[in-house]
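Next come two complexes built around chain A: one with chain B, the other with chain C.
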Partner chain A sequence: MKTGFRVFLAAFIALGASWCGFVLAPVLQLGTEKQTTVLNSSDIYPEQRPGAATLGLQVYRANDCAACHTTQVRQDGVTCQISLTSLGKNEPAEFKKFIASLLELPQFRACSNSVTAEFQAWNGELPETVTNLDADEAGDMIQHINAGGCKAEVQVVATGADIARGWGSRRSVAEDFLWDDPVQLGDIRVGPDLANVGARYDLNWQLQHLYAPQSLVKNSAMPPFRFLFQVRKIGSTPSPDALNLPAAFAPPAGYEVVPTDDAKNLAAYLLSLRADVPLYDAPFTREIVDTNNP
Partner chain B sequence: MNENEKIDSAVDASCRVPLLALFGGAALWLVVGLALAIVASLTFHKPDMFADCPWLTYGRALAAANDLLLYGFCIPTGLGVMLWIFARLSQAELCLPLVPIAAANIWHLGVLIGTVAILIGDSTGFMWLEFPRGSSVLLFAAFLLIAISAFATFGARRDRELQPAHWFLLAAVFWFPWIYSTANLLLLASHPVRGVTQAVIDWWFSNNMVFVWLALVGIGTAFYFLPKLAGRPLQNRYYALFAFWTFILFGTWCGIPHDAPVPAWLPASSAVASALLILPLFIIEFIGWRTAWGSVKSKWDSGPFCFVGSGVDFFFLSGLMLVAMACPQISRATEFTWFGPAQIQLQFLGFFAMTMFGAVYYILPRTAGFDFPFPKLARVQFWISLFGLALFILPLAIGGVEQGMKLQNSQIPFADISNSMLPYLRVSTTGQLLLLLGGLIFALNVFGLTLKWKMAVLKKLLAAIKAPLETEEVKA
Partner chain C sequence: MSDDLKNNAPAPENESPGEHSTVPMWIFGLLLILFFAGAIYFDDHSGWFNPQIYAPYQSAEELENYQPKSGAAEMLAQGKKSYDLICAACHGPNGEGKLGQAPPLAGSEWVNAKGFKRIVEIPQLGLNGPVTVKGQNLDFPSGMPPMGAQLSDADLAAVLTYIRASWGNKAEAITADDVKSVRTAVAGHSAINGEQGLDAIKE
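Take a look at the complex of A and B:
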C-alpha cells in the first residue's frame, strides 16, 4: 500500500461491501414490503395505527421512550401441543390404554415419557392438552387419535422466556413495524418490553401509569411523566378526563389531574401496540380469549 | 535547532488555530456531555427527579449526553489530531488553514443546535442519529471542509510512501461522509425507507460510526504515537497492514443483533463477521504491546504514553465485548441489558477518549508554543479516568450479565430484575462523577492554554499598537 490511490481503492471495496450488504440489499429486499394476511384468515396485517396513535408515536420518539423499552419479543422456537376435545364413543380408561399402546410405536419414543406422565395425571375432563411435541410427532399422533374415533387438534405454541413472561404470543417480525416512522425497536430493557402492551392494559391504566407509575406498579423504577399532564383547579364541572388517583398520589383538594393531548396520544399509541396475530413467518395457534378477563 | 526540528515547529505552528478551535469546543462538549449523563443517571437514584421538567427527562438527557460525547467530543478531537498527523507526516504546513477554522465553528454550531433540539423533544428517534436534519447538514459540510484541508495536506507530503497511520486515517476521512450521508438520506429525508429497513440501516450506521470509525481514527493515532513515544518503529508494518485489511473487511459487517426482527441472513452475517473480527483485534493488541514493550517502565510516567497505551488496551477489551455480544450463545444473556451500553461507553471513554487525551497532551503544547497551565494534572487525570472507568463500566457489564440471566428465567418478576439493577447503576454514577472530574481537568488545561495563547496574541498586538511610529523628519 504505497500510494494514496491504492488505499482509497482498498477502502472503497472493503467498506463498500458492507454498504451493499446492509443498506442496498435490505432496501431491495424489505423496502417494498407490503401488508400480509393473518394466518388462516383473510384479515390484513398490519393495519395502519389510528390517528391519535400515530401522533403518540411522535411523543414516544420525542421523549426517547426507546431508551428504556424494547418493542421486540424474542422466541426460542415452537412446540406443538395436542388438544383433545372429544372422546367420541370411547371411555377415558379405554383411551388411556389406547394411548399407552400408541406410545410404544418407534416414532413416539422421544416424547413417550412426558406424554405418558401427562395422560396418567389426566382425570378424564375435556379439553385435555398434551404439550411438548415436535411437529412430526403431533401430526402422527393426531392421525392415530382421529382414527380411533376421538376428536383432537394440533396447536402451535411459541416458546421462550419473553413469551412465558406474557410479553407476546410470538416473536416480533419485520411486518409488525411496517407503518412506523421512525421505527424504534429499542436495545435495552430497563423497563418491560412493549411490543404487545396494548393487549395487557386499558386506557385508564396507561394514563395513570404515565402520571404516577408507582401508584400501579410497586417499586417501579420508571420516572413519572407529570409534564404530560395538567394539574388544575376544578371548574364548574369536573373534567371527564380527570384521572382517578389513589389518595397518596392525588392532587390537593379542589384540583384535578387532566391528561394533555400528548398524554392521550401516547396512551393511544401504547394501546395500539398489539403484535398478537399469527403470521406465515411466525405461526402460533390463537388461544381462545376469555372475554370475562381482559 | 536542526533542520528537521525547524520544519516540525513550522508545521506545528501552522496547525495552531484550527486545533485550538477544534479541541476547545470538544473539551467543552465533553464536560457538558458527561454532566448530562450524570443528570440522566440521577433518575435511577430518585425516579421523580425530573417528572415536571421535560427537558431533562431520562430519554432526552441520555440521548443528548451520548451525542455530545460522539459528535461533540470524539469526532472533532479525532479530526484535529488527524490534521496534525497528516501535516507532520507530510512534513508540510497545514494547507488551507482557514478552512478547518471555519469548519470547526460550523461543526460546533451544528452540535449546539442538535443538542438543544434533542432536549426540546425534536430528536429524530434514531440511535446515534438523533440530531435533526438542519444540524446534520452543518456537521456534514464541516466534515467535508476539514477533509479538503486534510487531503490537500496529504497531497503535499514530501515522502511519497504511506505510513500505517495514513491508511487508517484516510479510510476514516473517506468512510464518514459515506455512512453519514447514507444514513441521513435514507432515514431523515422527506421519503425515508420503510419499516425495519430503517432499523437495519441505523444498526449499520451505529456500528460503523461508533465502532469502526472511532477505531480507524483511534488506532491510526495510536500507530503514529506509540512508535514515536516508545522510541522504536511500529512492530511491524506487515502485521499492521493485515490488521487494517481484516478490520475494515469484518468490522463493518458487525452490529445487527442476533434476535432482530429482520430476515435471518442479516444477523447471521453479522455474527460471522464478529467472529472473524477476533483476528484484527488480537493483532492490533499484539502490535501495541510489541511496539511499547521495553519502554513501558521508562515511559510510564509520561502522560501521553500511558494515555495512548491504555487506549489500545481498552480498544481490545471493547472489541472483545462486541464479539461476545454477537456470539449467539452469549448474546442471549447480554442482549437488551446494560452490557451493551457498557461496551459503547468503554469504546468512547476508555478507548477513544484516552487515546485522544494522550494525543492532545502531546500536540497542543507544541502547536500553541506554550506548555499547559497545569501539565502535572495530566497524570492525575489519567488515574482519575482509570478509576472512573472501572467504577463506571464494570458495574454495568457485570450487572448486564446478571440482568440477562434473570431475563431468561421467566419465574423472576420483571420489577425484581429492574430493581436488582439499581445498586449497579448507582455505583456507576460514582464512576461517572470521576470521569467528569477527569474531563474538567482536561478542559481546564485546554482552556488555560487557549487563554495563555490569547493573552500572548493580545500582548503582541498591544505592543505593535504602542510601538512608536517610525517618523521621518520633514525638512523644513
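Take a look at the complex of A and C:
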C-alpha cells in the first residue's frame, strides 16, 4: 500500500479534471440561461410550452423518438446579401458602371469577381440580389449604394446543409432547449431533423403522420405509431377528432381512428418545436424554413 | 600490466540498456507543434467561453457585425456618421454649439418644435442673422451656409432624425419624403433671414 495514496491522487486528478471539463464548465457557461427577446422586437423567446406539449415531451421520450430524430439544426456559415429595390433616378447601365467603379476599391477586392459575375447578365430588373458578401463588405457597399440615390437593404442569411434542406433558418442555440426536461438532442438522423417540425406542418398532418407515415411521405422509414390511436366503431355520432385518412389507410367501413391523449399530447409537443425566430446569438433576416419538405 | 588491464576494462554496467534511454527530441517538437495548433484552434473557435458565441461566429465583434439593423437604428447610425462629418465642426459633437459660430442643438426649442418644414429648410437654404435659442439671443456673424443642400433626401432626413433623437432631444423622426416635399417647395429661395424668416415658415 506504499503507492496507494499516489494511485488515489492520480485517479482523483484524472476524474476531477474531466468532471470540471464536462460538468462544471458547461454549467458555469450555460447554467444561468434565461429567456431572451427575439431580435428587433420585444417578444420573449422561448415561451413556456402549453401543458399538453409538456406532457407530450414525455411521450416523445417514452417512444424514444430521439433514437431516429435529432432536434438540432447545424449551420456552417453566414453570409450577407444586398437586395437592391430601387435605382432612384439612375439608369441600369449607369448603375452597372457605378458598381464596377466601386469594385476597384481595396475593401471589395475579395468579392469583386463574384459581384461582377452577378451583374454580368443583369438587365435592370428589380429587385436584384447580390449574394456572398461578408458583413463589412455589405455594410460598406450599401452605404455607397444609398449615397448614390438607390435603395437597397442587407439580408443576413445562415448557410449550411441543414438550412439548405429547409430544416431551419438558423442554427440551434441553447435557448431553444430552455423548457426541455430532459433535453433530447438525438444524434442519429434516420428521419429528418425536428427542430422546426411545428413550423413545417399543422396538427392534422402531425396526427395522420403518426398513425400512417407512409400515407403522407412515400417510402418513409418511420414505423406507424398505431398504438397511440384507437380504432373503434362509430357511435351515434362520429368523433370530431377522428382522422381523415386516404382509402388505402382507412379503417373498415363503420370504424373510425381516434387519437388517444398520448397522441394529442405528442402532436402538441411536435407543434411546439419551432426555433424559427432570429436571436442575438443566431441572427438572420431571411426565413428558409421549408413548409413542403418532410 | 595489471594496472593497464584494470584501466582498459569496460566500466561496470550497473543499468541495463534501454531502461533509462532519453526521450527523443522529435517528440518534444511534435508536442510543441500540437500545442501551437491547439492554441490557434482555441483562439479561433472558443469565443472565449462567451455563452452567446456559437460557430460559425468566432468572436463577439464578429457576431455584432452580423446583427441585422432595424430601419430606425440604421437611420440613426447613418445620421450620426453624416453629423460627425459635416455638422459637428460648428454645432459640436454633442450638439452644444459654439459661441459666435453656431447655436446649440441640444435642447433647442427650434429642433424640438413640431413639424418638419423649418428644420429641413435651415440646412437646405442656410440661415443668416441672430436667433434666440433657449432664451439667449445669439448672434452668428457668418451665418450658416446651406450645408445640407448637397446631401441626398435620405441622408438629410437621417441627420435631422439623429439630431432630433440625441442629447435629450425628443421630437418625431424626419422621413426622406418630408425632405423631398420641402425641397421642391423652396427650390431657388435665398437664405432664411434670422428669426423673422424662421417665424415666417408656417408648419
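Note that in this section the second predicted complex is superposed on the first by the 282 of 294 C-alpha atoms of A that agree within 3 Å, B and C clash if a C-alpha of one lies under 4 Å from a C-alpha of the other, contacts with A are read in each partner's own complex, and residues count from 1 in each chain.
Following the convention adopted for this analysis, a residue touches a chain if its C-beta (ideal position, glycine included) is under 8 Å from a C-beta of that chain, and two chains touch if they have at least 3 such contacts.
Worth saying up front: this structure is predicted, and the values here are computed from it rather than measured.
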Discussion item. After the alignment on chain A, I want to confirm one thing: do chain B and chain C clash, or do they fit together?
Written reply: fit
Discussion item. Contacts for A:K89 in the overlay, against chain B (first) and chain C (second): which applies, first, second, both or neither?
Written reply: neither
Discussion item. With both complexes overlaid on chain A, does A:A174 touch chain B (first), chain C (second), both or neither?
Written reply: both
Worksheet item: Is A:Q29 contacted by the first partner chain B, the second partner chain C, both or neither?
Response: both
Discussion item. Output check: A:R189 vs chain B and chain C. Expected answer is one of first, second, both, neither. What do you get?
Written reply: first
Worksheet item: First (chain B), second (chain C), both or neither: which does A:P224 touch?
Response: first
Item to complete: Could you look at A:C80 and tell me whether it touches chain B, chain C, both or neither (first, second, both, neither)?
Response: second
Worksheet item: When the two structures are overlaid on chain A, which partner does A:K233 contact: first (chain B), second (chain C), both, or neither?
Response: neither
Item to complete: Quick one: classify A:A161 as touching chain B (first), chain C (second), both or neither.
Response: first
Worksheet, complete the sentence: Partner touching more residues of chain A, chain B vs chain C, is chain B
Item to complete: Taking the C-alpha centre of chain A as the vertex, compute the angle to the C-alpha centres of chain B and chain C, in steps of 10 degrees.
Response: 120
Practice prompt. Report the closest approach of chain B and chain C over their C-alpha atoms in the superposed model, as a whole number of Å.
Written response: 5
Worksheet entry | Interface residues of chain A shared between complexes with chain B and chain C | 29-30, 33, 171, 173-174
Response to the item:
Listed in rising order, chain A residues that touch chain B in their complex are 1-4, 7-8, 10-12, 14-15, 17-19, 21-23, 26-27, 29-31, 33, 61-68, 70, 72, 74, 161-162, 164-165, 171-192, 213-214, 217-227
Worksheet item: Of all residues in chain B, which touch chain A in the complex?
Response: 43-44, 47-54, 57-60, 62-63, 121-127, 130, 154-155, 160-162, 166-167, 170-171, 174-175, 178-179, 182, 186-187, 192-201, 203-204, 208, 241, 245, 248-249, 252-253, 255-257, 259-263, 266, 269, 335-338, 340-341, 403, 407-410, 414-415, 418-419, 421-422
Worksheet item: Considering the complex alone, what residue numbers of chain C touch chain A?
Response: 49, 51-57, 62-63, 65-70, 78, 152, 154-155
Response to the item:
Per the touch rule, the chain A residues reaching chain C in their complex are 25, 29-30, 33, 39-40, 75-78, 80, 135-136, 139, 143, 146-147, 149, 154-156, 171, 173-174, 278, 280-285
